[in-house]
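Heads up, the next two complexes both have chain A, just with different partners, chain B and then chain C.
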Partner chain A sequence: MSLEFKNIVKRVDSETHIYATDLKIEDGGFNILLGTTLSGKTTLLHLMAGLDKPTSGELWFNGKNVTGVPAQKRNVSMVHQQFINYPNFTVFENIASPLRISRMPSPEINSRVQKVSELLKLTPLLQRNPSELSGGQQQRTALARALVKDADLVLLDEPLANLDFKLREELRDELPRIFGDRHCTVVYATSEPSEALLLGGHTATLHEGRVTQFGETSKIYRHPKDLQSAKVFSDPPINSAKIEKQGGTFTLNEAISWPVLEKHNTMRDGTYTVGIRPHHISTLAGSENMTSIKGKVVTTEFSGSESTVHFGVGDQTWVSQSRGIHPIEIGATTDFYLDISRCLYFDTNNELVSL
Partner chain B sequence: MSRKTTNQKAWLFVLPVVVLVAFNALIPLMTVVNYSVQETFGNNVFFFEGVKWFEEVLHSERFHASLLRQLTFTSIILIIEIPLGVAIALTMPRKGPWVSVCLVLMALPLLIPWNVVGAMWNIFALPDIGLLGKTLNSMGFDYDYTQQPLSAWFTVILMDVWHWTSLVVLLAYAGVSSIPEAYYQAAKIDGASSWAIIRYIELPKMKRVLTIAILLRFMDSFMIYTEPFVLTGGGPGNTTTFLSIDLVKIALGQFDLGPAAAMSLIYFMIILLLCWLFYTLMMKDEEK
Partner chain C sequence: MKRFTWAAPTFYIIFLMLPIYWLLNMSFKTTNEILGSFTLWPNEFTLENYIAIFTDPTWYNGYFNSLTYVGINTVISVTVALPAAYAFSRFRFLGDKHLFFWLLTNRMAPAAVFALPFFQFYSAVNLFDTHIAVALAHCLFNIPLAVWILEGFMSGIPKELDETAYVDGYSFPHFFVKIFIPTILAGIGVAAFFCFMFSWVELLLAKTLTSVAAKPIAAVMTRTASTSGYELGLLAAAGSLTIIPGAFVIYFVRNYIAKGFALGRV
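After this line comes the complex of A and B, so read on.
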């Protein structure tokens, strides 16, 4: 099973929504489109579904050119961010609706709906109307409708975004099980890096209409191809600053510098951009690879088990995230500990320096 | 006890509303109730008659005929205006520069005062010089709303449809344009036909606004007075004398205050009852 974008461009009027994109999703399975709002996730999904036609380029699915094929002839299904169900159908009829349209015989519809509603824990709710369901149950119904017709391609457009926290976690944990033994390609759009990491599979990072990187989720998290991909795949955003490598020292400014580790020895002297994720900067002194830097505290946020501190470095604001609650006075200048072994270095083209 | 006395202050704040409602609704209504149970002579001489007028009105053939005419008229315009309004709303563009053009065009008839509408159609439909009347006659139809009951009914209904379908259109359009785009995408992916989209997505989603549209059109058409009065004056004969026209004839034409007052109250009760019935029937599913 494969889905391939060949040099696809999507323009609406004079605005380019998707710049020339080549993307090949090979072996089916779970694929994630990760990007902020307006990065082009939904446009890509619409192109895959056949709801939109690309301005130029071709879309190939399972070895066939499907560029002009309308949605209803593609055997795709889609789940939206809003809970979309037929308002005056019962849950059963909602799930059965795609099968009814394809004129499947009733006994088979029954058995299919039963099976998929068991998988999604909807069996006791089959006779209810969507308006009598909670948001989570409504979205389960929409998911069931997407699964029941055994589509080759299942598209999920931020399906958990409108759910409250508890229901979102619950359904997210179930997703791998729900799609586990299905032979379909799943494309899941999300704006949350943590969601991408939890779901695994493959991830494409998107920024302003361009796919910046595509690969195994954990790999591209650890080795972003460039600064932009790293920014997309980090929440809070990755900290970055220009630094100078000179011999055995990286220098950020007069006050902040740290030694070059052995694995970075091959880098030439010159100007780079350093990227470091917030949870690799701590307010607590730690292991050997930590370098202390001074910063002026701007704001602090405490969640149950984490302290997030925004602090000034030169003319920028960086973010540090550490375990535990560590009250720090706002305005104070304090020590932050940087795990320099986790630093990512990008060259002047903003591409990751390969090691 | 002391707590109670301090609470009396609240009456001060309610007072304006009480005064307003009293002068606006209660006192006029009670005057009508007063007339409805008494025989009125000149020089402010009254005799108490109990429910005599109510019995008289309820048994009068004239009232039955007006009520039947009224119900027929209201049913016909509801049957025409609601589906027509929905159909127009569904064909209106959802985005682009034409949206505002369509909305303004739709709103135009609603901006014209009722008696002007009546006068316009009165001239428009004249069989000898009116555009509509002349055209119909030259096409071979024997049309004269001042002489033939059928022509009169046709004109009154056409006028109401012209004047008020827009209201249904605007309400239905508001309902249909609040449906998220994703519903249409989901239906497209399912391969649903355009009739299925109307039947299973758009109509159910419009249910609330359509309920309001039906209620408004029902009430307004049941109380219609000005337009047919200006157009036909209730004629020819009594054929377009609806309840309100009949009421005015009795009250001001014949000065039978007792029967007119009783009829007003019965009329009021009918509207109240029918609205309540409509509303409960249409909202029955919602309450589940």
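After this line comes the complex of A and C, so read on.
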């Protein structure tokens, strides 16, 4: 059992929303679609749900071609970013509605709704109307409705994006438990790399209608196939620059260069693009493998435990993220420490140089 | 200065209510008192005028006729406008924006323009002097209006609601009746109200398309003024009664209309 995209293309008028995509999602796992707005996450979910038909290509689900099958005939469920519930139904009827449609006997509906509402902590709210609930409770209701019918495929389209911070964390922590002992394939669309890392499973990185990479979340994070995947999977955006390898030295510009580490010895001399994640550039001197570069501070942002510093390198602006609060004057030129063992090198085709 | 803040609204309300008061005032007077002297309230209070209306079939049939074709028109307009508005709010199709605008232009021509073709046409198909003729004629104005209002309300409902329902297993008709219509009930109320109102106050087409069997109340009122001399008390009573249905309907949809204004469509 699996969900498989076979050469699927989606065009609307003359605009291509999804370029030829092949993707095979294994049964029973937690899968993440990671990409910015307009990268095609929602379109992919619509295709999976059967709310939209692909312009060409085939969609196979559990060994059957379901390309033209409408949503009603597929056993899928979906939760949207907006809190969508039926306003004229109570919470109980909202959760029960997919079961009522399939003409399930009433006692079984009751027991199923009870069970799922307990899981999502909705039991005391069952007789209320959705408009009387908080945002978090409304989204829990939507989740409960998606779970109650035991769908083979559960699609979650940025379900936490409209929640405020506390509720988002709370619900995100519960998600693995909620889906833990269920046999269903989950596809979760998000635009936040940190969310993908927290949820684990498999991730497909999306960029402008193309799936750039698909695989285990942590692997993709550590070994992005190409520069684009690395960019999608980095927040703040990954720093990148053209770099020249000559013998034992990488040279970025006259002022910045660092030695080639042993593991990079196999790389040929030539031009590469280096990618460095912001948290591998620190304002604090650290262990070995650190090289110091000078940069002019453009802006600084402090969160509770992290300092984010934007600084100029040549004609580019890079981002550094370090633990702790380190006030730095804007406009000052200061030292930044770059962990060269964590640098990613991409060749002229923007593909990762295998290590 | 602050002591007189009540003055402006008070005068304004008095100014607004004066014609209505005067109508009510006249309806409880005899015609002699109306013509003979200037009195601020009825000196000889009488219910004769109202009794005359409720006992004379040419009078009360006027109300019956009006309410019948207004009711039919409201039902037809809203029923036809619901799917049309849904299409305009949910789908993109060739020329959708032009069509939407063209619908509205139907409201821009005066009713007199259509009086002659309608009269000729309905006579030809033997619908002259029937309730349905007037109801259909009024659709010309009311369907575009209802589509316009309902489209606004429907566009306020995220299309994800439709998608959620399909994924849950609802067929389109089932979803439309069981979930969508209850969700936009406020909009349907507002649309129905405006259809009711326009049809209720429209005189020209209603008068042109009827003679006896479906004569609207407004037409009855004009006739009485010309034939039996000055029956001003009777006319005032008829006028007072004519205000009631409108006021009644407004009372029921008042909250919805406020919502409609908030959505920026009414």
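Brief remarks on what is shown
One rule holds in what follows: the second predicted complex is superposed on the first by the 354 of 355 C-alpha atoms of A that agree within 3 Å, B and C clash if a C-alpha of one lies under 4 Å from a C-alpha of the other, contacts with A are read in each partner's own complex, and residues count from 1 in each chain.
Convention: a contact is a pair of C-beta atoms (placed from the backbone, for glycine too) under 8 Å apart; a residue touches a chain by one contact, two chains touch by 3 or more.
None of the values given here were measured: they were computed from a predicted structure.
When both complexes are superposed on chain A, chain B and chain C clash. In the overlay built on the shared chain, the residue A:Asn129 is in contact with chain B alone; chain C does not reach it.
Once the two complexes are laid over each other on the shared chain, residue contacts for A:Gln72 go to chain B and to chain C alike.
Where the contact sets of chain A with chain B and with chain C meet, they give residues 46, 49, 51, 70-72, 76-78, 80, 82, 84, 86-89, 97-98, 101-102.
Listed in rising order, the residues of chain C touching chain A in the complex are 158, 160-161, 163-171, 174, 179, 182-183.
Chain B meets chain A in the complex at residues 180, 182-183, 185-186, 188-192, 196, 200-201, 204-205, 288. Residues of chain A touching chain C in their complex: 46, 49, 51, 70-72, 76-78, 80, 82, 84, 86-89, 97-98, 101-102, 142, 145, 149, 155.
Chain contact summary for the complex, chain A toward chain B: residues 46, 49, 51, 70-73, 76-78, 80-82, 84, 86-89, 97-98, 101-102, 129, 132.
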